[in-house]
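Two complexes follow with chain A in common, the first pairing it with chain B and the second with chain C.
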Partner chain A sequence: MFVTEEFRGRPLVDPEKCVGCGSCILVCPAGARRLIQEEDRYILRYFIGQCIFCWRCVEICPEKAISGTTEFFFATDNWEDLFIDIKHKTVKCSYCGKTFVPQKLIINTKNKLPSEFDFDRLDICPDCKKNIGALKISISRGIAYEDRK
Partner chain B sequence: MDMLGSGQITFKLINNISEKIGKNSNIIINGKNIFIYVNKKMLRDIISILINYNAIPITMVAYDKSFDLGKFQLYYIFFLNKEKYFIILIVEINYNDLKVSSVADLIKGFDWHEREIHDLMGIEFEGRVTPRLILPNEYPHGIYPLRKEFSENFKILLQKNIDNYKETGAEKIMIVPIGPYHPELLEPIRFELCLKNDVVVDVYHEGFMAHRGIEKISERLNYDKVSFLAERICGICGFCHSVCYCQAVEDACMIEVPERARFIRSILLEVERLESHFLWLADFFHLCGYDKGFLEIFKIREKIMILAELLSGSRKTYGLNLPGGVRKDLNPDKVKKFLEIINEVEEEYKKIIVESLARPEIDLLKGSGILPYSEANSYPVVGPVARASGINRDVRKDDPYAAYQNVSFKVPIYTEGDNMARMMVRIEEIYESINMLKYFLDNVPQGPIMAENWEWVPNKISIKRVEAPRGENVHFISTGITKLDRWKVRAPTYANIQALPVMLKGENIKNALLTIMSIDPCIACTERVTILNFTGNGFKVSTIPFDALTRRG
Partner chain C sequence: MRTENNKTKSLQKQCNIFHVNTGSCNGCDIEVLDAITIWSAENVEVKFVEPQNAHVAIITGPMTVKAFKFVLEAIKKMPMRLIIAVGACAVGGGIWRSSYSTLGGFHEALKLLNEQGIKIDKVVYVPGCPVRPESVIRGFKILFNEERPSIKYQSFEA
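And then the complex of A and B:
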């Protein structure tokens, strides 16, 4: 069996390049890519059974970590062969201690930002950022701030 | 009113209607769409005016606006073929009084639409019976799955009561069920042919066994994902559906699609037409008993499949459309290879057709399954079925989309209305498609393939049509704040099956399968025969379900 070079087969993710930003999950029309949140890690799970080989993820990946192949034959005896997982270590929020983003994403973002940026704020989760913002506003207006935790 | 420009007949028609409605007439003209708000009581009068002006009934949509307006809206969509205006009658129905008078006796094409709306939205049509069309008989009454209040997580347990059915003795009328399960063909649909001495006297249809509620799914998806969903409505003409959906979004959001993208869309639409017609032709030859033709046609169809893969990256379900353009570009190498292969295909195809039309097996088709012009006009038939009965209707000519205004082509018309005519229409369409493909590939303009910098426009209504291999697709969309609020699809077979009883009545049983296949719904024979009681007052329409038969071993 052969196919032409233009054939859209299974998309493959390079685990070294992947930073776990999740844009492929947002864009997948068939729901073949999913995010599973565990206590200290995030899993990006790809299930071939649901994939329609549209290559939207290949187009959209900001790190060019996903590349297309011409593979199309996936018959197997073992159900688990159809899943491909990419595991990411997560970072804990320096205020509340909740896990919120993959470690690699933070490192990647640091490399892209200009050096004068306030890097301490990168490991604060969005909820805490809101609280800190509210606190600053209330202090500047002279209103007593109740701790929302 | 002066916005209409050259639309003299439309102008007259609208004057006529606004006189009928009186002082409170509410008519909105928006480009080529004319929206007319109609009172329930006047509906039948206004529809008979539209029939006098030869407006073509396109489709009917029910729209649940109970969350924002507290009302249901019914859209009756007509098309004026000469001046190319859509006329959309809007009837508003209050939530407490869900009744409206039926128009199915005036327009036979709205019969199924009314039954579907009664099933899914719970609107009652006065003056007719609305037997269930889409929902199964076991489904509880009073639950309407397309209303906004209905949640997808709602689980319903169906209970079959098979004790009501009893097998009875045999008498003169024999009922031959065809479908829904058959080893050769794929689609779950069931016909019951009532036979009297080998002649079909009546036909019953039962379908929608795999109704998937795809219109409801679209309400939770992002708009660019819906174009992939639309492609999965049909396995054979999926690209037409996704083009139709994208064009509707482009119309609603006022997106200018680049010329190159329009050409690429047209090329793929024609490739898909070739794929579909070759598949149908091969199957039809096989049913006639001419298996050499079946093999030869499949051999050249494979070449077309490789062409599709070369252009789009996939043999079927190309997945190339997004609102605003296409995702994959052409290059000179591909065009060169494409032209080489398409020339080969044309030569081989000519040989096969000359050889097969001289075969004795094909003579069976002449004079069987006739749909005369008068009957075809009163039913909503579209596509090759309409063109074989002398109706000159082709959306590519009547209301050009994509790049069809740039190319000249013939629309084959036959007036016999029999199976042979339906085959000849498709055979000639293949030649036209090949010629069109050559023209498109030679003249693809340079430029971008995707429109950029556009924004989603909420609260817009748009209707678009695309000529699929089997007839015309109609997509109605209404945009919500970030997603679609209502999406209604009318596929060509929905319109064509309604005319099938006319073709089958009076026909010998040996031609029945060919006639069913000739409208291209992909349904074939089954060997199981059930014998039912003939009461004398009419035919008793009850069948024995599979469970009841197996219970006796």
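And then the complex of A and C:
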């Protein structure tokens, strides 16, 4: 019950601050954080049963949404109790209609960018951006025509 | 459930434990020994015994494929099937979750046990890498219906 201040316990995510960028999922060595993609939402799932309390996610979080605690006192007889879910609404690509990023991430990026930036491109998915770029180059070289789009 | 309240009440005074290591790194095993030393200070008579006489089985480790058949045999012999899965490996596979040689924790093994028609009375999951002795003791208390689970499923809309 008595632990030092440096003791690494359960990392907790503040759902208000979380933008759903997914860097904690990328960096987690034990695979305790996972991304579940559904049709109209993304779920960031934290499974305490695999967490090794290394606090890599606390270090990496760009929004400082994850804070480390000294909690370690877990035991349960119900499998469901081991999960914490954060559900994010998603944005659809304005070209192909595929879901690709959480809504909050787009809003957060808009706030950080300078005002002269071209905001129309923010809701286009990476695949479509590539295609549009390629199309523009081929139009300029006379390989393709404007109406092909 | 096969267990009755009277039986679990007597276990709070005297408890026979069968401890099995299914590929653990020994971190959790040391903590389990610590936990039992602390727990036995509360006037509880704890013994490590063979599965035939055991009330509770403590399982550590990610349940390797080779260890599973021994666990199966041991659980078949147990008269009262109360199980504590101790440590991140035993709960969800830990860092070995996707390895070819492990089943990925006791929860996966539980599905195989159900397929064979072996009924388990109660399972308590104690996550942590390694666990602290206090949480192992808490696991025992949840197993004997003395305390409520300390964590709950949470879901937030961001």
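The definition used in the following text is that the second predicted complex is superposed on the first by the 144 of 149 C-alpha atoms of A that agree within 3 Å, B and C clash if a C-alpha of one lies under 4 Å from a C-alpha of the other, contacts with A are read in each partner's own complex, and residues count from 1 in each chain.
Rule of thumb we're sticking to: contacts are C-beta pairs under 8 Å (C-beta built on N, C-alpha and C of every residue); 3 or more make two chains touch, one makes a residue touch a chain.
Please read all numbers here as calculations on a predicted model, not as lab measurements.
Superposition of the two structures on chain A leaves chain B and chain C fitting side by side, clash-free.
Seen from the Cα centre of chain A, chain B and chain C lie 50° apart once the structures are superposed, a value rounded to the nearest 10.
Between chain B and chain C, C contacts the larger number of chain A residues.
When the two structures are aligned on the shared chain, A:38 is found in touch with neither chain B nor chain C. In the superposed pair of complexes, A:30 makes contact with chain B and with chain C alike.
Touch criterion met: A:78 reaches chain C, while chain B stays clear of it.
In the superposition on chain A, contact is made by A:8 with chain B only, not with chain C.
In the overlay built on the shared chain, the residue A:59 is in contact with chain B alone; chain C does not reach it.
Minimum C-alpha separation, chain B to chain C, in the superposed model: 5 Å. Where the contact sets of chain A with chain B and with chain C meet, they give residues 29-30, 52-53. Within the complex formed with chain B, the residues of chain A that make contact are 3-4, 6-8, 29-30, 52-55, 59.
Across the interface of their complex, chain A is touched by residues 221, 224-225, 228-229, 306, 309-314, 317, 319, 327, 334 of chain B. Those residues of chain C that touch chain A in the complex are listed here as 88, 91-95, 97-98, 105, 107, 122-129, 132, 134-136, 138-139, 142-143, 149-158. Of all residues in chain A, only 1, 15-16, 18-20, 29-31, 47-53, 72-88, 102, 104 touch chain C in the complex they form.
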